[in-house]
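In the two complexes below, subunit A is the common chain; its partner is subunit B in one and subunit C in the other.
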Partner chain A sequence: MGTVEYIQHHLANNTVGEGFWTFNMDTIVISALLGALIVFVSARLGRQLTTGTPRGFQNFVESILDFVSTNVRDAFPGHNPLIAPLALTIFVWVWLMNAMDLIPVDLLPYLYQVITGDSHAHLKVVPTTDLNTPLAMALAVFALILSFNIKHKGIWGYTKMFLFHPFGKFFIPFNIVMTFIEEVSKPLSLGLRLFGNMFAGELVFLLIALIGGTLAVGAAALFWAPLQAVLDLGWLIFHLLVITLQAFIFMVLTIVYLGMASESDH
Partner chain B sequence: MSEIKKPVDLTKSDKHKPKPALNFLLLGAGSMFTSMIVAGFLVGYLVDMVLKTTPIFMLGFGVLGFIGGIQKVHKLLEKMDLMDPASLKMVNKEESKKDVK
Partner chain C sequence: MSINATLLIQIIAFLMLVWLVNKVLWGPISKLMEDRQKRISDGLSAAEKGKHELELAEQKAKEVLKEAKSQAQLILGQAEKRGSEIVEDAKVKATEEADRIKLSAQAELEQEVSRAKEDLRQEVSALVVIGAEKILNKEVDAAVHDEMLQTLVKSI
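Moving on, here comes the complex of A and B:
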């Protein structure tokens, strides 16, 4: 397998169906499994909660809860019982999906190929490097933004925003188009930012993996294996920062957008 | 009965509080600008598809997205100017004007 085929193989999803009804099964299954992991760990921890000074894993989880609740308090005006759980879910789920990037790029696809017996089977293990996942999450946030806008501003208040913002009452057609573009750009920037960062990160991992591993160059390429190990470690440590930052940005911007939508005066 | 305290309306009490986390919008200023242009082209493309006028609305809305993007980023950066970096609190606009004078 050449370098181009190697990269193309790793960037292709395991799909079922055709055309519009193509389901990326690896994305769906892995993201669902990670979601189930959150539920399982939370339920298990919930049964073992202790009062007093928290220790071990409970301490770690409480520090995450504190971190999220501080951000919600800072960014969201007023109180809404939906926001903190939503922010926590987004942060933990996106972080876990991003963290799949830290598993060696060939490990899970190779295991999958061994299990299925198909040496050409595709498996893309990072759900956030599939554009569908970030965009689906961004669309869910967008639906919430719309409902918050209508709930707090009222239908007329929200329509007024389209009519008279940003250039006032004499440019109504322009205002409608520009506000519409502005609203569409919110989920677009949320989704594309996460996807772009994770896709680029995955690509760098693949390129580093090619340094010492490509059989197309021959066994002499193994000479570069130590360089690959050093670069991989360096990028992995840096990527830890990237995956946390991207999960954090997605969470905070969701809170900020919902906060802006729940302010009655625009 | 009169001694029972009324529940605090957090919406009202927090309304004028400084919101430091709004600064996080600045993190997304760059991508907001680009996505405004992309969104403009997308909306224009959809309108063109319906009206069969390609590429008039796509280009027009793309330009509007560009203008909107600049305006949006400018608005965000204006807020940053009013930020007191030491305390991360919003400085009153009028106060800052007085200081300049």
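Moving on, here comes the complex of A and C:
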């Protein structure tokens, strides 16, 4: 298998359906499983909670919650019971989906191919490298931004923001364009940033995997395989930072955007 | 890697997950953390209250001690005064007693002296009579010369 085919194969989703009504089954199933993992683990934890000194896993979860609620308090004015669970969900879910990147790139696809018996079966294990997932979250956040804007500014207040922001009443057409771009760029940048980072990271993992695989033949593998291992470890450690940072950025920007939306007037 | 219906599924999945996380993770644990925070602040305020009460008690104890001391001082002073009074009283009584004893002793002494004088006088008069009898060689009739003898006794 050539280099190009290898990469293309890895970047193709396992799909069901045609055209727009295509479902990327790997993305849907893996992200749902990770979501179920969050719910399952927290439901299990929920049965053994203690108000006393938290220990072990409860302590870990509580520090994540503390971290999230500190961020919410810092970036979100006022109080809204939706924000903190939303931010927590984004942070944990995105982190878990990103973390699928840390599993060796060929392991899960290979296992899947063995199980299904189809050596050409597609499996893309990182849901955030599928543009649909980041964009889905970004659009959901965008819907919240719109509803928060209308709730706190009123329909007239929100329209006024389009008309008179940022350059006052003499630039109304210009203002509308500017504000429209500003608003639409929020979900787009939110989704594309995560997608781009994860996609690029996955690609680098694939390229590193190629070093010891396709490039090396025979005795040359003795040289290339250790190099691949070292590079893979280096990128893995770096990527651990990247996935955490991306999950954090997605969460913080969500909070900030919603915070901006819930300010009653500029 | 194009946008397709997966997007819709992922939106639904995301919203459901937010709802579930709120229900099983955020809700219970944030409530628990709030409870703990309340417990901690209750404990702290109780400790503060205890400290305050301790301070009050210490102050009260100090006051009581001070009062006790001053009372003790007072009682001591009274006792001293009473003691010196008693001593003074005893002195006065003793002086009186001594005076009384002295007076009675003097009176007895005077009585004794006068009795002795009387006796002496009697004896002297008897001696005088006997002497006179011897000088006169003649019995003096005591009855006849009684008047004279009495005058004589008196003049001694």
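In this section, the second predicted complex is superposed on the first by the 259 of 266 C-alpha atoms of A that agree within 3 Å, B and C clash if a C-alpha of one lies under 4 Å from a C-alpha of the other, contacts with A are read in each partner's own complex, and residues count from 1 in each chain.
Going forward, a residue touches a chain if its C-beta (ideal position, glycine included) is under 8 Å from a C-beta of that chain, and two chains touch if they have at least 3 such contacts.
Since this is a predicted model, take the numbers as computed values, not measurements.
Engineer: Between subunit B and subunit C, point out the one touching more subunit A residues.
Structural biologist: Greater contact footprint in residues on subunit A: C.
Engineer: Quick one: is A:63 in contact with subunit B, with subunit C, with both, or with neither? Answer first, second, both or neither.
Structural biologist: A:63: touches no partner chain.
Engineer: Between subunit B and subunit C, whom does A:49 touch in the aligned arrangement: first, second, both, or neither?
Structural biologist: Only subunit C; A:49 stays clear of subunit B.
Engineer: Is A:180 touching the first partner subunit B, the second partner subunit C, both, or neither of them?
Structural biologist: Touch status of A:180: first partner only.
Engineer: Of the partners subunit B and subunit C, which touch A:159 in the superposed model: first, second, both, neither?
Structural biologist: Neither partner.
Engineer: Between subunit B and subunit C, whom does A:193 touch in the aligned arrangement: first, second, both, or neither?
Structural biologist: first
Engineer: Which partner chains sit in contact with A:3 here, subunit B, subunit C, both or neither? Use first/second/both/neither.
Structural biologist: Neither partner.
Engineer: Counting only touches as set out at the top, which of subunit B and subunit C does A:147 meet: first, second, both, neither?
Structural biologist: In the superposed model, A:147 contacts neither subunit B nor subunit C.
Engineer: Which stretch or stretches of subunit C touch subunit A in the complex?
Structural biologist: 1-11, 13-18, 20-22, 24-30, 32-33, 35-36, 39
Engineer: Within their complex, state which residues of subunit A touch subunit B.
Structural biologist: Touch list, subunit A to subunit B: 71, 74-75, 77-79, 166, 174, 177-178, 180-182, 184-186, 188-189, 192-193, 249, 252-253, 255-256, 259.
Engineer: Any idea which subunit A residues touch subunit C in the complex?
Structural biologist: Contacts found on subunit A: 11-13, 17, 19-24, 27-28, 31-32, 35, 38-39, 42-43, 45-46, 49, 51, 61-62, 65-66, 69, 82, 84-86, 88-89, 92-93, 127, 130-133, 135-137, 139-140.
Engineer: For a test of understanding, state which residues of subunit B touch subunit A in their complex under the given definition.
Structural biologist: 10-11, 14-15, 17, 19-22, 24-25, 27-28, 31-32, 34-36, 38-40, 42-43, 61, 64-65, 67-69, 71-72
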